[in-house]
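Two complexes, one shared chain (chain A), two partners (chain B, chain C).
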Partner chain A sequence: MTRIRLNDVLLVVAPIFLALFFTTVILLAVGASPWDAYRNILAGAFESPEKIADVVAACVPLVLCGVGMCITFTAGQWNVGVEGQIILGALFATWVARNLLWPQAPVLTLMLLAGMLGGALWGVIAALLKIYGNVHEIFGGLGLNYVAQGLAIWLIFNPWRPADGATMSGTDPFPDPAWMPRLAHLRVSPLAVILALLAVVVVYFLLRGTRWGLELRAMGKNFRSAYLLGVPSTPRLLTAFAACGALAGLAGAIRCSARYGRMIPDIAGGQGYLSLLVALLAVSRPQWVPFIAFFFAAVGVGSPRLELNMHLDSSLGGVLRASMVLAVMMVAGLRMLLNQRRARAAGETPSQDVVESGDAAG
Partner chain B sequence: MEFDFIVRTLASMVFSSTPVVLAAIGETISEKSGVINLSLDGSIALSAMTGFAVAFTTGSVTLGILAAMMVGALVALLVAFSCLTLRQEQVAVGFVLTMLCTELADFLGNPFVRRPGPSVPPMPIPYLCDIPFLGPILFRHNAMVYLSFLVVVAAWWWIARTQPGLKLQGVGERPESAFARGVDVNLLRYVYTIVGGALVGLAGAAYSLSIKLGWSHGHTTGIGWIALAIVIFGGWTPWRVAIGAYFFALLKALGSILQRNPAFEGVPTQIFSSAPFALMIFALLLLSSKGVDRVLALFPPQIARRLDRLIRGRAPGGLGRTFVQE
Partner chain C sequence: MRVEIVDLHKHFGPVRANDGVSLTLETGSIHGLLGENGAGKSTLMKCLSGYQLPDRGTIRVDGQTVVFSSPSEAIQHGIGMLHQDPLDFPQMRVLDNFLLAFDRRMLPNRRRGRAILRELGERFQFALDPEAEVTSLTIGERQQLEILRLLALGAQVIILDEPTTGISAPQKIKLFATLRRLAEEEGRSVVFVSHKLAEVESLCDRVTVLRQGRVTGEVEMPCSVERMVVLMFGRHIPPAECKRVELGPPVLRVEQATIPSYRLTVQDAGIEVRAGEVVGLAGLEGSGQRLFLRACAGLERVAAGRVHLGGQEMTAAPYRRFLAAGVAYVPANRLEEGLVGELTVTEHVALVNRSGPFFIDWPATREQAMAQIQHFNVIGRPESPVSALSGGNQQRLLLALLPAGLRLLLMEHPTRGLDVESARWIWQQLMARREEGTAIVFISADLDELLEYSDRIVVFFGGQMSAPLPACDTTVEQLGYLIAGRERDKETR
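Here is the complex of A and B:
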């Protein structure tokens, strides 16, 4: 019994050590002090209430997209198009902010709804390409990301060109009602945090407590069997992609309303790809997403310090995050291998099955 | 003048498609054995950075190329180990490695950003380069370009015409049968994944030492994904994959010609940079759509079947599946 528990602890602790070991080696290789680097990241993320607020604010898009991707992962789909879905959400929200000069409550509500609509639309396109066009969702999603990026840049450069012409810094700031209220002088918006947490709860119950969630899980486990058992796969795929897209679009709307107060070319800022890592770590369990997102956000907010204080590239934070996900996978694989060896040594018959590893990219 | 223009466009198409050709052929080899190395985009970035950094510090382009190939092979080894030995999902591992390699390339490449450095010297092939039309298009480039020609031919010959190539296909198509015939499935998969990875590394070197010299943030972004899509487009057959890569480069060249056209002056350049990816979706869509079936149905059945086989390849049967040898 104790052995199992030790195993479980190792499963969590070992990847963290492995990833830290890897980044330490990298830091030593470039002749930097690992201790200073980690200290700078931690200080950059937690040294003041302002910084902690930044971390919480940075969590919001990661949580929204992360739980969104839990939905598509549950259905066995690689929704790589989240980056583009964030952009579309931001674009739709920006349209509302620029065109509807209403009081704050209705404008914000409409912006968030429009964002969800935009993201859902982009998600559904990826699903349609997959279902009717036979284009694997990875390529469809990636392609759509670049298309969305092009669309955003075109809008900012042409119809939404700012008065001073400085297009790279984005559109003109939104009118006041379209800014999401912040907490005192901090850069975090309580409404955004509440929405993100709400999304976790809703997705958790959708996946665990509804027939829809059960059917998605069946599709994720074995698409063919689920289909043969009568799960209507086409509408389920469409709704899964739409739901994930809506959450990503919400994240996009929040980013341009609460963070920038305008539409900028780099509105998604890699959050879509980052939340893919979050979702990979969460393994379709939405309740884990906020914790993983918090860690990811802290590393993200803390690592620009490396540039300021140590003249290192802030992408070390990215290396740390990605190597941690890789380490988690490898440790899980190693444990499985060891368990099998042990079972074989104990005289049990080894399983002869062929492990199904996702549908091939093609 | 018109003729000259066409020659120049085609020559730049051949030149600029080197990395995509190399990466797509490398990926074809590894997918033929049944392993998807999805880390291409990151792997190319990391090897491009390493290739340039090594060439920059040692002054030797050859060492840079070798280092880049080592990096590509190493990433592929990691893919193979995680997927074949540790039985993790190939797509997941590939994605994480894409991100890891991209970030690592940015971090380690920081001191080399926008530094002028060595590059593969031009090397027109004597006599051949004087052939009218074909000479300037094919034989007035550098060693890297000629190497990519060789790689295409060698990969085709190895896969389609040799005994080991047959084994490679067997391992990728039906690992169970290959195993029953006494082939060490996972060993071969390891080997071909690593060989494919080395070619991906070479593609990285082709980028930073031959096509788009030097290193900067986001230097190679997107090339890996394009190469992955081209493997599907080319139906896992080296010469068709190569044609796909050249075709893609041609469209890109046409795009930049259009861009310079006064009629498109108001269109921001970023539209043109996202166009290849829209094209990628469109190509994949066209290939597998039912519209193609309808067009094919117009032909007599025998010809239709041939045409279908010509334009549409089939993925290896064991692609993406981990085979458990017992």
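Here is the complex of A and C:
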């Protein structure tokens, strides 16, 4: 029993040290002080209330997309089309903001709902391509990301062109009611934070406590068995992609409404890919997503400080995050290998282990 | 080249696939290796061709002891194997496949390769286009490519594992002519692994028969078919006395069904199964019985013919409609397609409860799982992941998950890999269901099991379904003949 617990702790601690070790080696190689670098990142993220608010705001899309991807990961799907789903959500929300000149509450509600609809639509297309077109969801998702990007640029440079000419800085700012209210002078919207936390709770209970979540888990672990046991795979795939897409679309709507106040070509800003890493680290457990997202956001907000103070490239933060994901996967893979080897050495009598642990638990 | 295998052992856990097998292959002869599924033929040949290391035992090539740790070491000593599924790269051209095998340099010499391929092809009258893609070839042509590849690699001993499955009759004639020529004119040795008596009879010089991992006999050909059948299946107790069960109305009716697959097509299969009846499907693996069983649950496409369920047309219906109509399918590979290894017993109980509420009541489901565990004697706990249960307990759980009042229960190998106690318990449960009027159709490789529990048995051979045999008038020997593709009557008349 103690050995298993030790393993679990190692799975969390070892990758952190491995990733820190790796970035430290890089820093030493370029002749920078690792200590100063890490201190600068920390200071850049937490030195003032404004910075902390930025970190929290940066968390929101990561949390929304991260828990969304927990749904599709649970169903065994590599939904890499989240980036495109964010863009579609932002586009739908922008349409509402530009066309419905209503008071703030209905406009914002409609923008968020439209964003979810747009993202869900894009997710469902990827699922349909997979189910009826035999297109693997990775390729379908990647392709749709480019289509979404193209669509956004066309809209910004043609029908939604500002009066003084189109630029990469996007459309005209939204009318005031379409801006999400912020907390005093800080760049964080409390409503967005509440929505993100709500998403975590809802997805947690959907995956844990409902037939739908159980069926997605069965499909993700063993598609053929789930099918023979009677899980209706087509509707479950569609709803999983729709749910993930809706959350990503919500993130897109929040980004254009709360962060930029307009639609810009780079509205997704790589958040979709970054949240893929968040979901990977969370091993599809929604309750872990906020913490991992917070760490990722802090590194993201803090790293530009490296450039200012140490003349290092801020992409070092990206290296730190990515090497952590690689380290986690490596440690997880190693652990699985060790377990298999141990099972083989023990003469393949896994049933005994369970009886033992079961007794201890009961 | 003379190859001796002496006292070879290969165990997989408790299964003794080869249990002290000795065999000598003489130069220039065709040696048959005969036995039913699981007799240990493939294991023995995999050890000989370097795919597996034997646990114990010696292999000698021309008197010298050799140890092969990979197929390429075996081929260096002149031993090559043609697998049942050709080991080629379907998306590549014939020539590339050929070069890949024997010209391992950075820049293979395509011209030389093409010349060798043509020369070898002409020698055996194989018309293979070097530029054709392998996907466009038939299985027979892919085999020809494999044979040429092995010859180009200098194979002196060529092992063929069930080579006649899935090839046409003219290709078979050509294959046999080629094998004879390889042995008689070129002095190579051929090992012909098969379960088909007629083929072994017409081709081989000597035959070794394996049963349950041991050699039960080695005979010079010609030899009586009867003797080979006895060696293959062993002697058995006389059939159990007949038990008459009141049968209900027809449940399943299949009419002249054609069920195609890449390797094998089931032709013209038809049967009517009545409520409370047990029908056994016999045949060596890959003879069509699994295709047929899966088609009865809508898991395989029926290209022609009809499937009726209780008078309702179900021919093109999807699996879900069969499920809703009270059909259950229990596969043989429990962890691959029956259960979800990572989910717990409780989660399985919740999963199959299709009418349950959207929000799962976990405490109540756990109670239910506990009750099932007790009722079905599963050794495990509600929170045990299913992969941690033993095979017998997994099978018990699968039965526990089946809904009550099934109309038709379809099972692949209900007791394969189970100990005697578990197997008997499983059949008690199945018989109780049959009493309640469930029709049962099952596949088994165990002739005793087929004869003991079925009311009627059908035998599959090469995609053909035999007429149903009443189990109580059938002997193990008769079944053995049919399974190996021989009609006993023709033989004795």
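Throughout what follows, the second predicted complex is superposed on the first by the 327 of 362 C-alpha atoms of A that agree within 3 Å, B and C clash if a C-alpha of one lies under 4 Å from a C-alpha of the other, contacts with A are read in each partner's own complex, and residues count from 1 in each chain.
One rule holds in what follows: contacts are C-beta pairs under 8 Å (C-beta built on N, C-alpha and C of every residue); 3 or more make two chains touch, one makes a residue touch a chain.
On a predicted model such as this, the values are computed, not experimentally measured, just so you know.
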**Request:** Figure out whether A:Asn99 sits in contact with chain B (first) or chain C (second), or with both, or with neither.
**Result:** neither
**Message:** Per the contact definition in the header, classify A:Val325: touching chain B only (first), chain C only (second), both, or neither.
**Reply:** first
**Asked** Regarding the shared-chain residue A:Asn222, is it in contact with chain B (first), chain C (second), both, or neither?
**Response** second
**Message:** Going by the contact rule set out at the top, does A:Ser48 touch chain B (first), chain C (second), both, or neither?
**Reply:** neither
**Request:** Of the two partners chain B and chain C, indicate the one touching more residues belonging to chain A.
**Result:** B
**Prompt:** Who does A:Trp212 touch here: chain B (first), chain C (second), both, or neither?
**Reply:** second
**Message:** One more residue to check, A:Pro232. First (chain B), second (chain C), both or neither?
**Reply:** second
**Footprint overlap on chain A, where chain B in one structure and chain C in the other make contact** = 350-351, 353-355, 358, 361-362
**Request:** Report the residues of chain B in contact with chain A in the complex, numbered from low to high.
**Result:** 36, 38, 82-83, 85-93, 95-97, 99-100, 102-104, 106-108, 110, 175-176, 222, 225, 228-229, 232, 266-268, 270-271, 273-278, 280-281, 284-285, 288-289, 315-316, 319-324, 326
**Message:** Per the contact definition, I'd like the list of chain A residues that touch chain B in the complex.
**Reply:** 26, 29-30, 78, 80, 129, 133-136, 138-140, 142-147, 149-150, 153-154, 157-158, 265, 273, 276-277, 280, 312-313, 315-316, 318-319, 321-323, 325-326, 329-330, 332-334, 336-337, 350-362
**Item:** Interface residues, chain C side, partner chain A - complex
**Value:** 13, 319-320, 323, 329, 331, 335-343, 347-348, 350-352, 354, 356-360, 362, 379-381, 383-385, 387-390, 393, 401
**For the chain A and chain C complex, residues of the former touching the latter** = 209-212, 214-215, 217-218, 221-222, 224-232, 347-348, 350-351, 353-355, 358, 361-362
